[in-house]
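Chain nomenclature is as follows: A, B, C and D, assigned in order of appearance, with residue numbering initiated at 1 for each chain independently.
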Amino acid sequence: MTNDGEKMKKALCAVISLLSVLTILVFWYMISWKNPELMPTPVETLKQMFEMIVNPTGVSLFEHVAASFTRVFIAYFSATLAGVLIGVAFGWSEIFRDFVHPIFELLRPIPPIAWIPIIVIWFGIGEVSKIAIVFIGAFVPIVVNTYSGMMQMDPIYEKAGKVIGANRKEMLLEIVIPASFPHILAGMKTALSQSWACVIAAEMIVAQKGLGYLIVRSMESGNMGNILISIFFISGISALLSYLFNKLEAIICPW
Amino acid sequence: MSVVGDICVRNISKSFNNNGKKIEVLKDINFEIHKNEFLVLFGPGQCGKSVLMEIIANISEPDSGEIMCDGKKLREEDLCMVFQRYALFPWKTCLKNVEMPMKFKGVSKEKREEKAKEYLKLVELEGFENSYPRQISGGMKQRVAIARAYAKECDILLFDEPFGALDAQTRYSMEKELIKIWQSEKKTVVFITNNIEEAVYLADRIIILGGSPSSITEEFKIEIPRPRNRSDQAFLAIRKEIENRAVHSDIVSG
Amino acid sequence: MKIKGKKRTIIRAVIGLSSFFLIWEMIVRLGIIPRNRMSPFTEVIATFIRKITDPTPDGATIIEHFLTSFSVAFSGFVVAALIGVPLGMMMGYNRYAKAYANTIFEILRPIPPIAWIPIIMLLLGIGTSAKIFIIFVAAVVPAVINSYTGIKRVPEVYINVGKSLGMSHFKIFTKICIPHALPAVFTGLRLSLNTAWVALVAAELLASTKGLGYMIQIGRVLAKPEIIITGMIVIGCSGAVMSGLLGLFEKRFAKWSRK
Amino acid sequence: MSEKAKVSAVGLTKKFDDLLVLDNISFDIAKGEFVCIVGPTGCGKTTFLNILSKIWPATSGELLIDGEKADPKKHNIAFAFQESSAFPWLTVEQNIRFGMEQKNLPKEIINERTEQMLELLELKEARNYFPRQISASMESRVVIGRSFALHPDLLLMDEPYAQLDIEFRYHLEDAVLKLSKMTGSTVIFVTHNIEEAVYLAERCIVLTNKPTTVKTIEKIDLPYPRDICSKEFTDIRDRITDYIKWW
């Protein structure tokens, strides 16, 4: 492919991807044209969003976003801490693995959303129950990835460690954990998207504030505009977070 | 703490059970390793050379027999090993990789950094202290691994087919370099290879492993003066002799 | 020590699990957690057996709940697979299809599947077809992405073999890229089946008259923990069984990829 | 350019943007000739081979087979790559048949040649195994079998068994020699190992460092099978080594 042929092909692709964004907008217009009272046109939604940000009525959009964000923040970091610790314990100590891992495997298939009813009964409808649900959503992938990272470590590292005189503690801290770090990060990335899914689900079912709550309230009042705006914020934030995560990952874990 | 006398490997046997079936790999191996000698263990592909090496390095336990030195069991602090697949830690720079054995021995930070720089100079890698293993070539990675082995400052160095993954020309340069380092800083070396030319180029003495389960079949003393020329007649004569006696006898069709 | 190792691990697993159930039983029996918040393990088992035939108190037997949920989730999954896999592969094969479809996917991907439920419910109501559409939208994303990466990650050396044999671009795609991508496609299908199952439970939690999601929701409303836990166990087990079955399928089709 | 030349390169040059990699390479190879290409480590041999096999287009210059422009669709070009290129989803037998099926050879010829290759390369018992279930040396034999089964006009081999144990190499070298004589294919064999080149080749093309060009072409007229310890062998080997020696 000569250079300019290549450039021309790339330009064509860019045009086509613009075209696809266009199709979404056209599709959106079609739906709103078909049932106007239910579905606002993209322009109306933008105006509504602008309106909500500039002079909010009642609970502002910002507060909803902040509520959801803090819940994810708290749950995600505690889940990461607990998940990595337990994942490493599974990988490193055979006794802990033999006794506790079967229990983890028993509870793992239950999706985090299925925990909502029982958690609400246990912790009521306060902040604790929502954070608990997000915690479960983030905790499981981190444990799974940390554990598999340690199991799949190349045995040559263990042999090399032994031969250059590393004792058990040094082997764990200096060799095994760094070697499984890429897997741990992969687990944290999945956990990030899972946490966002869980916080929305939890808020949709039991909350007074948060984007999930805003969506359900708007659903009941048939305010599609609000739903679309909240979805825009949800996907925007989680896309931004995973983008930042990838950048962070490239810096701290290039191997 | 240094190793005084020779090392003797006494009737080492090892077998694995591969889902029920017991496969004998090594059958009472006996040989001596003399002080500051460059000993090469030669054998065809899967004849258990690496298994024997890991037993010497006590990474794995033999079924029977032991490895004695100065009257007591050879200890891990007395030896270090270089692997075919380098085994450098990708998350550490070359300098930090070489520092690790000293760090595990509790050497202070400045001292080990300075010593590590010295060892990198020994393998002609000054200027690469802060680059990561992924940024350097296979030959250079192996030189860092050799520097790391020397950094442990033990008396015995074990090499498990270290140049197996390198192309022929890089292999020639690494062999020349290894002999240069070995002559400048005398250690007892046990070197595994399945390449006869490499064995004759490097060894003071060659021990041939063969048969299955493997046992010592031959032993050759190489008196050619160093640095050796791979095309001179004496070199080629020995190489031909080993080839006839050791290799063709039991070439296993792969 | 070696042979004993295998047996020892199994013994320890049994001890671990039985102590888990024992502690669960004791906590409730001894009243550490009050009866209306948690029911003991034995009562959950009893409820499970009773519920196989008895529709009270949530209006349907477990089997009816399961069948409702399974039929909706599975049909949504099948549609997602039939559309997602070929679309993903097409994206891998032709750069213009990729430019078109990939942009849409990059926009849809960050939206959590649950967030689709309100939009679709408002537009299509809360009937079965609405739920199937919800599950389709949720399940199609992993199917497409994994099929796409499966095609894209074909090692260059295999493609070069095809080129040196003078094979056409299409033939390389069908004879080399697709067979190599099969294991990745199956991983994608397993992921989308799991996503389908999760989206189904979520949809039922929000609005439904029958199904496992409805069962655990009603369990909460009626403050009957044993109903909730039974529902959770069935959801968990059926999810695990389905992905296990898919694993067998994969073994059959892509057995070369296993050692 | 003598007519009888089966394969000839005419002024092959390759530039990546403005980095000159291949600099005006020309040579002629007769039908059924076994030619080795040797060069210092990292002298762009793989780029050279990818151009020869038309996987990459040359910036300028031509490759001719039987005087025509070489084209994978028209001519029979086979390529044994360095890293193992047996398809993991096909069994050993299917792998060997794959090349011939793509060239739409008649059924009986495919069956006959497949049996022949399985027999010659001692892969008979492993015919139904997948590449992941057999040893590396057997896998490289599958690739060699697949390539020779085409009776190719031009067979390119890029150090096909570099990663193998040394003593398998002797085995495979003899197998390649036997097959090339039997199928009468013109072989271009690339290697870093000068001893291997002198052992195999009728003629040896020595390349320079980047930008790669032909330094010299050495004729090796020793009878087969050659004794690597004989005086004449080592003299030729030393002469070629001096062209390349960087260590």
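As a working rule, contacts are C-beta pairs under 8 Å (C-beta built on N, C-alpha and C of every residue); 3 or more make two chains touch, one makes a residue touch a chain.
Bear in mind the structure is a predicted one, so any value in this text is a computation, not a measurement.
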Item to check | Top chain pair, ranked by number of contacting C-beta pairs | outcome: A-C
Next on the checklist: Centroid of subunit A to centroid of subunit D, CA atoms only: how many Å?
Outcome noted: 51
Item to check | CA centroid of subunit A to CA centroid of subunit C, Å | outcome: 17
Item to check | Whole-Å gap separating subunit B and subunit D, where each centre is the average of the chain's CA atoms | outcome: 33
Checklist outcome for this item: Multi-chain touching residues of subunit B, meaning two or more other chains, are none
Next on the checklist: Based on which chains touch which, is the overall arrangement a line, ring, star, complete graph, or other?
Outcome noted: ring
Checklist entry - Name the touching chain pairs, please: which are they? => result A-B, A-C, B-D, C-D
Item to check | subunit A-touching residues of subunit C, taken from the complex the two chains share | outcome: 8-9, 12-13, 15-17, 20, 33, 37-38, 95-96, 98-104, 107, 109-115, 117-119, 121-123, 197-198, 201-202, 205-206, 213, 216-217, 219-220, 223, 225, 228-229, 231-233, 235-237, 239-240
Checklist entry - Which subunit D residues qualify as touching subunit B in the complex? => result 40-41, 122, 135-138, 159, 162-168, 171, 191-196, 229, 231, 234, 237-238, 244, 246-247
Item to check | subunit A to subunit C touching residues, read off their complex | outcome: 9, 12-14, 16-17, 19-21, 23-24, 31, 35, 38-39, 95, 98-103, 106-107, 109-111, 113-118, 120-122, 193, 196-197, 200-201, 204-205, 215-216, 218-219, 222, 224, 227-228, 230-231, 234-236, 238-239, 242
Checklist entry - Contact residues on subunit D for subunit C in the complex? => result 50, 53-55, 71-74, 77-79, 81, 83, 85, 87-90, 99, 102-103, 130-132, 156
Checklist outcome for this item: Residue set of subunit B touching subunit D in the complex reads 44-45, 165, 167-170, 172-173, 176, 194-197, 231, 233, 236-237, 239-240, 247, 251, 253-254
